[in-house]
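Just below is one structure, and these are the notes that go with it.
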Amino acid sequence: MPEAHLPELPVVLIEEAIRAALIEDHGLAGDVTSQATIAPDAKATAVLDCRETGVISGLPLARAAFAALDPSLKFEMLFADGDTVEPGADVAKISGNARAILGAERVALNYLCHLSGIATHTARFAKHIAHTKARICCTRKTTPGLRAFEKYAVKCGGGANHRFGLDDAILIKDNHIAVAGGIHEAIEAARFFAGHLIKIEVEVDTLDQLREGLKAGPDVVMLDNMSLHQLREGVAIVDGRISIEASGNVDLDTVKAIAETGVDMISTSKITMSTKTLDLGLDIAID
Amino acid sequence: MPEAHLPELPVVLIEEAIRAALIEDHGLAGDVTSQATIAPDAKATAVLDCRETGVISGLPLARAAFAALDPSLKFEMLFADGDTVEPGADVAKISGNARAILGAERVALNYLCHLSGIATHTARFAKHIAHTKARICCTRKTTPGLRAFEKYAVKCGGGANHRFGLDDAILIKDNHIAVAGGIHEAIEAARFFAGHLIKIEVEVDTLDQLREGLKAGPDVVMLDNMSLHQLREGVAIVDGRISIEASGNVDLDTVKAIAETGVDMISTSKITMSTKTLDLGLDIAID
Amino acid sequence: MPEAHLPELPVVLIEEAIRAALIEDHGLAGDVTSQATIAPDAKATAVLDCRETGVISGLPLARAAFAALDPSLKFEMLFADGDTVEPGADVAKISGNARAILGAERVALNYLCHLSGIATHTARFAKHIAHTKARICCTRKTTPGLRAFEKYAVKCGGGANHRFGLDDAILIKDNHIAVAGGIHEAIEAARFFAGHLIKIEVEVDTLDQLREGLKAGPDVVMLDNMSLHQLREGVAIVDGRISIEASGNVDLDTVKAIAETGVDMISTSKITMSTKTLDLGLDIAID
Amino acid sequence: MPEAHLPELPVVLIEEAIRAALIEDHGLAGDVTSQATIAPDAKATAVLDCRETGVISGLPLARAAFAALDPSLKFEMLFADGDTVEPGADVAKISGNARAILGAERVALNYLCHLSGIATHTARFAKHIAHTKARICCTRKTTPGLRAFEKYAVKCGGGANHRFGLDDAILIKDNHIAVAGGIHEAIEAARFFAGHLIKIEVEVDTLDQLREGLKAGPDVVMLDNMSLHQLREGVAIVDGRISIEASGNVDLDTVKAIAETGVDMISTSKITMSTKTLDLGLDIAID
Amino acid sequence: MPEAHLPELPVVLIEEAIRAALIEDHGLAGDVTSQATIAPDAKATAVLDCRETGVISGLPLARAAFAALDPSLKFEMLFADGDTVEPGADVAKISGNARAILGAERVALNYLCHLSGIATHTARFAKHIAHTKARICCTRKTTPGLRAFEKYAVKCGGGANHRFGLDDAILIKDNHIAVAGGIHEAIEAARFFAGHLIKIEVEVDTLDQLREGLKAGPDVVMLDNMSLHQLREGVAIVDGRISIEASGNVDLDTVKAIAETGVDMISTSKITMSTKTLDLGLDIAID
Amino acid sequence: MPEAHLPELPVVLIEEAIRAALIEDHGLAGDVTSQATIAPDAKATAVLDCRETGVISGLPLARAAFAALDPSLKFEMLFADGDTVEPGADVAKISGNARAILGAERVALNYLCHLSGIATHTARFAKHIAHTKARICCTRKTTPGLRAFEKYAVKCGGGANHRFGLDDAILIKDNHIAVAGGIHEAIEAARFFAGHLIKIEVEVDTLDQLREGLKAGPDVVMLDNMSLHQLREGVAIVDGRISIEASGNVDLDTVKAIAETGVDMISTSKITMSTKTLDLGLDIAID
């Protein structure tokens, strides 16, 4: 396995997301409490600290939140996205204008805690299957507006990404097969439509469907809601010709056994939705 | 207690959110699988069904997702936001153009499952404290970009809302007190700054702070991380003059006892972040 | 009275407003006159001077307008928002690229003259009532798109802000009372709906309504279009328990007498709409 | 004089402006007062009535505000933009969902009162000079973000428009002349730069400048801050060859005499900034 | 070959594109010529006709342009995108408000002529190679802001799409290979990074590189700037295991021979940039 | 002829255009190939070189593309917009972060090649008519969304601009004349509607129409699709009183003869649509 680079979020997406989040949190009047009680030129020092073990994700968003309010704030990263941190670890230090630090705090933390929660949960799955060739991957079940960031967090946690939208890969399900007149017809139509740079995955529920589907030459096959026994048989049938994705009933208790069947990918929405946020906080001292 | 109306999401926010989510999911090419396999004029019928017990929230967003792709789609609501539904319940029926239904499916479900998860979890807290005057309420710990919707979901679940941003209420914490030179000075400054239509809440950690804070006349006091004993004493000290919000260590195991101390509000981020999504799905039959 | 801080406009709102105003003024071709006649690298020095006595408001917007066209322009503030300036006073000095200074001139001045006009007019009202405890405050009658800035200008002029939108405070008027089935019912419904961090104001036209309304415990009462005699009686009836806002027939001739009745707030749209702009100009010398 | 059509606002601008104004007024929670007290399906009837004599402007914006909240609202225009109405006149009737009517009220009125104020004030100037060939026209001194609407209101009031931005006409002032090396050089440079579809106006302060400027063949000349005597001489010098715009010291007391000097246009910022809003209100009866 | 469906543009992209184009063309004042000369309620009938042989693309954009100005306009499509039309053919009929038709004309035609030009030119390439299995495809060399539409037009003309952006497929070029330390290392790194749903293409300049690259198992190989002889050898080397894309020196004179070498895809920027617009016009008769 | 300045693109338009183009090219995941193969801190040096003779246009957009991804990139311009460059010329040098350079490459080149193609083609027309007083000018037939940039490129190539939109000049065609009741009536209506700062052009097809039109005093007359003989007669009829624009059948073969008839402007869509892009590339060496 090559040493993998971490993904990098598009700069423009970060800027837009922070701008929108600040508008949401500051409304038309901004941080009225700080305006009432803290002098405009007061300075502060803050430490972003982690209060439980987890994998960090979202530091570029946090940094951008502080920079958006005051480009002269000093933001020192002590860890990087993808790092595992222990309780009590200082993740970053921020110093400069007090109002700016207080005004960006919640936006920075809301992103950071949410994404680190996803990275941390993904890492738990990844650890369970590290002894196999299988990888854990996400789905399109993401929080609306945050897909780019949540898919990024999955990679920070050691997971892989499924398609990003309806447009960048073909995923043929039962409805498409029914309308197209069969699994072969559906894949043929997809291949012609999609061209040579889009992968075609077909979802099958039975081993018979799998055998039929393989003949039409998809790039990936999804074995949906199959038993471990079926998965193993599926792996034997495919015999390394294409990638196999297992889906359905994936959780921390089942993932190891699924991975050991020999599949390549295990997809689940559990790593992007329903994850607990990682507990990070900002300790601010006003000078 | 008056029979309360449910909240209503601003129309313009719904439209913007759906537009952004569709751009995110459709990219530059749209649903390539359906384009490849389903005829442009194929029709379908779909049922939005709930697969576990929960409180629904987000139907106006779901309806808007389908309408955005094809205004002629028929969307029939069988339940309303705030309703509790049982497994197997049909929540809505959609019929019309097949590609439009498939193209809006994930955006509609991502909103609906996420918000219904929040409403459902809030309802659990609310049920535990229904025999008291206390209410459960959210914080500013929300998913960036979704604050309006998550606060709405909290109300659908029977909870109450804390401030929506830094701008619509004053919340004086230790840093503000330290800089202002005391709790009295901070509240005075806030009162003058804020005018007559913004509430002032002060966060206290000890009963001594509470006694001192009360003299300056805040509208709400937050008792942060206090023991049940301290909370009861705090309630006695305040003696009904202002609202009391309890915060810290709130979960389904502790909330009943906290409510029974006599506080008015119990705030927690647990109902907006880290909630499990409610399991809803779309069963589509192409005609 | 504590020494009050001036409000601070959210940075993101300033940037968006300046961007939109520059697009409006520059169109698709920019300042064609300067492009035709002034060399791209010509330098200039400009003085922003005030031509009548008034209170300044909007300097951060002016500064942002120049910075948007050329971040290297030097902008030196000689006064700050909230300062009273005399005719002939130099408010700020700008130097650097000549085309950038000319291109930002009108956007900077249009904001500055408009907001300073509001601050100046507000200050006139504030001066008339400075010997009382009453404060002058604005309403939601503001220029569409400029509410954040106009409310800010009111504070620069020594006034106070009413609610910023339909969402951050409850204001119960006759229609709501009629539909709710009475003043008591309306306030009860509002209190339950709003939660503990939103103030409830009720508008009353008669002293009988006031007496009835007080029983339901609103946070603020608006005495609408009452005579001075009625206002004085209203103040006596309320007896310091809640804030009183007087509304209707407020102008520079009447405001002193209204304030002397003992009310807390006097609200009027006259300070945000229909105000004369303050006469400021930019004297530019091209090097 | 041909019977003139009224201007028509670009549809897209109306939609964007209403969307932004509704976001501003509704925030993240919408009209909480109505949500608390009025049933979601309550109906209402409303009359938009004028409370003083004036010229109406902005009805398409008002209509769009109501339609944005509920496309099924019935909006009946009883007058049109440009019409003069008397106190007590019903300008429009609206009926349908009560919350939608209340929720759009302030946005509709803020536009309508502001623009009708401009139209009304413009009409006063226009009336004073109706016996001459001169017309009153606006400048680029407009409220940021509202230029299209304010210029439209000026036309509704019988005035004419000056250039809309820095890009659609050349206006050569002293700085440009100084840098270009003379009035002749500046106009030559402008003519070559601008092409054949942009007018070139030159501002002159003295009759000598006027004589010199005329030789270079501008399309319009602005006589800035000249006495009536000078204006009359200027008219004689120009002798009908190009348009003459008078500027400076224009108010309701001076405009008639200025117009009688024979100039073609009289420009003033007084009709767009510093105008009093026209008093219109919405009388709502909930069914 | 299955009968292929045409692609379908995402609805939201169409709406955004038309809105932006109308703002661009209408500015702050709209169609002043029509406002001056045509009554607001005048009706017209228009025929969108083609003046040379070509393939139509962009009708949904044209329809949206008219609908944006007046939803009640009748727009009757007589041909569909992808159809080949002859000179004199009526492509669509529009009837209704005259100003709306005139106001949308240029926006509708600018899209339609540009995209039909691309479709037409693509069809020429496609025709030259129709006897082979090769297909013509576009690149990322597209007009900024129009990529979705230009890629759509390529499909309307019978071509295929290359990747839509930097994010939806891996394309390994010399720089990546050099930095990664070899073709094998680069593909390995890409495969791990990309996951199972993104295709990996590697660009090779020599047959030796091709042989080396094949070992690492890419999904597609691009033979860049190779001679026909080299292409034929490359096809033999690959021997049907993966897709082959030929690139470089592709024009109408060379494409047939390139296709006959047995490659699968032939990519060229010539079908998206530098294409002649198709000559379509709008004949309008005002009733 | 005065030495003309080049036009300058509005800064805000450049920023918006680059932001949109980067979102288009980077999608939700950015440059996945570089992320997989190139270290985050790798450095590179790049040369933007021209591969054929042409006129450069778009360098400020290219520079902004690189700066948007990394403000610390060094961008050194070796030529300026409007310069003619020979094959092999280095137009600019860029150095700094390797991923940023690769990530901005296509956006920068797509603008630069497209606009330089327009400038180059315009320059060819301009050269053919340089011995006459006539100038070549563009129309409103531009790529949607790029009008500001394409009109700018025309000026870089030595051409002139026609109106920028429907709003900044009056162009009276046959439909307007028919509806208005005659050429005289149409011009009268336009003049009153437009005010004194908008030019009025009238399109005529015959010399009789020209004679009639001249009486109403337009600012410009367009002789549409006339023979050289007719054009010469038209020039004689107008006799220098107003500008003459020739339109129709303009190409590189005909433009010289048209210019020699004595007209002032020759307008054609050929310089903005259907132009070949100029061949520029980026040679990148990773350090």
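Think of it as A, B, C, D, E and F in the order they're written, each chain with its own count starting at 1.
Just so we're on the same page, contacts are C-beta pairs under 8 Å (C-beta built on N, C-alpha and C of every residue); 3 or more make two chains touch, one makes a residue touch a chain.
Just so it is clear, the model here is predicted, and its values are computed rather than measured.
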Neighbouring chains common to subunit A and subunit F, by label: B, C, D, E
Any chain in contact with subunit B as well as subunit F: A, C, D, E
Higher-contact pair (C-beta pairs counted), B-C versus C-D: C-D
Numbering shared by both copies at the subunit C-subunit A contact, with half separating same from different: different
Chain of greatest Cα-centre distance to subunit F: B
Distance from subunit E to subunit B - Cα centre to Cα centre, in angstrom: 44
Distance from the mean Cα position of subunit B to that of subunit A, given in whole angstrom: 23
Mean-CA-position distance for subunit E and subunit C (Å): 51
Computed distance of Cα centres, subunit E from subunit A, in Å: 32
Of all residues in subunit C, the ones touching two or more other chains: 4-5, 7, 24, 26-30, 32, 35-39, 147-148, 161, 164-165, 167-168, 189, 192-193, 198
Pairwise touch network: line, ring, star, complete, or other: complete
Complex contact set, residues of subunit E against subunit F: 17, 20-21, 24-39, 42, 44, 98, 102-103, 106-107, 109-111, 113-114, 117, 140-148, 164-168, 170-173, 175-180, 186, 189-190, 192-194, 198, 269, 273-277, 284, 286
Contact footprint of subunit B on subunit C as seen in their complex: 1-2, 4-5, 7, 135, 137, 160-164, 167-169, 185, 188-189, 192-193, 195-199, 201, 219-220, 243, 245, 264-265
Residues on subunit D engaged by subunit B in the complex (per definition of touch): 19, 22-23, 26-30, 32, 35-40, 68-70, 99
Residue ranges of subunit F touching subunit C (in the complex, touch as defined): 4-13, 147-148, 151-152, 161, 164-165, 168
Complex interface listing, subunit F residues touching subunit B: 24, 27-28
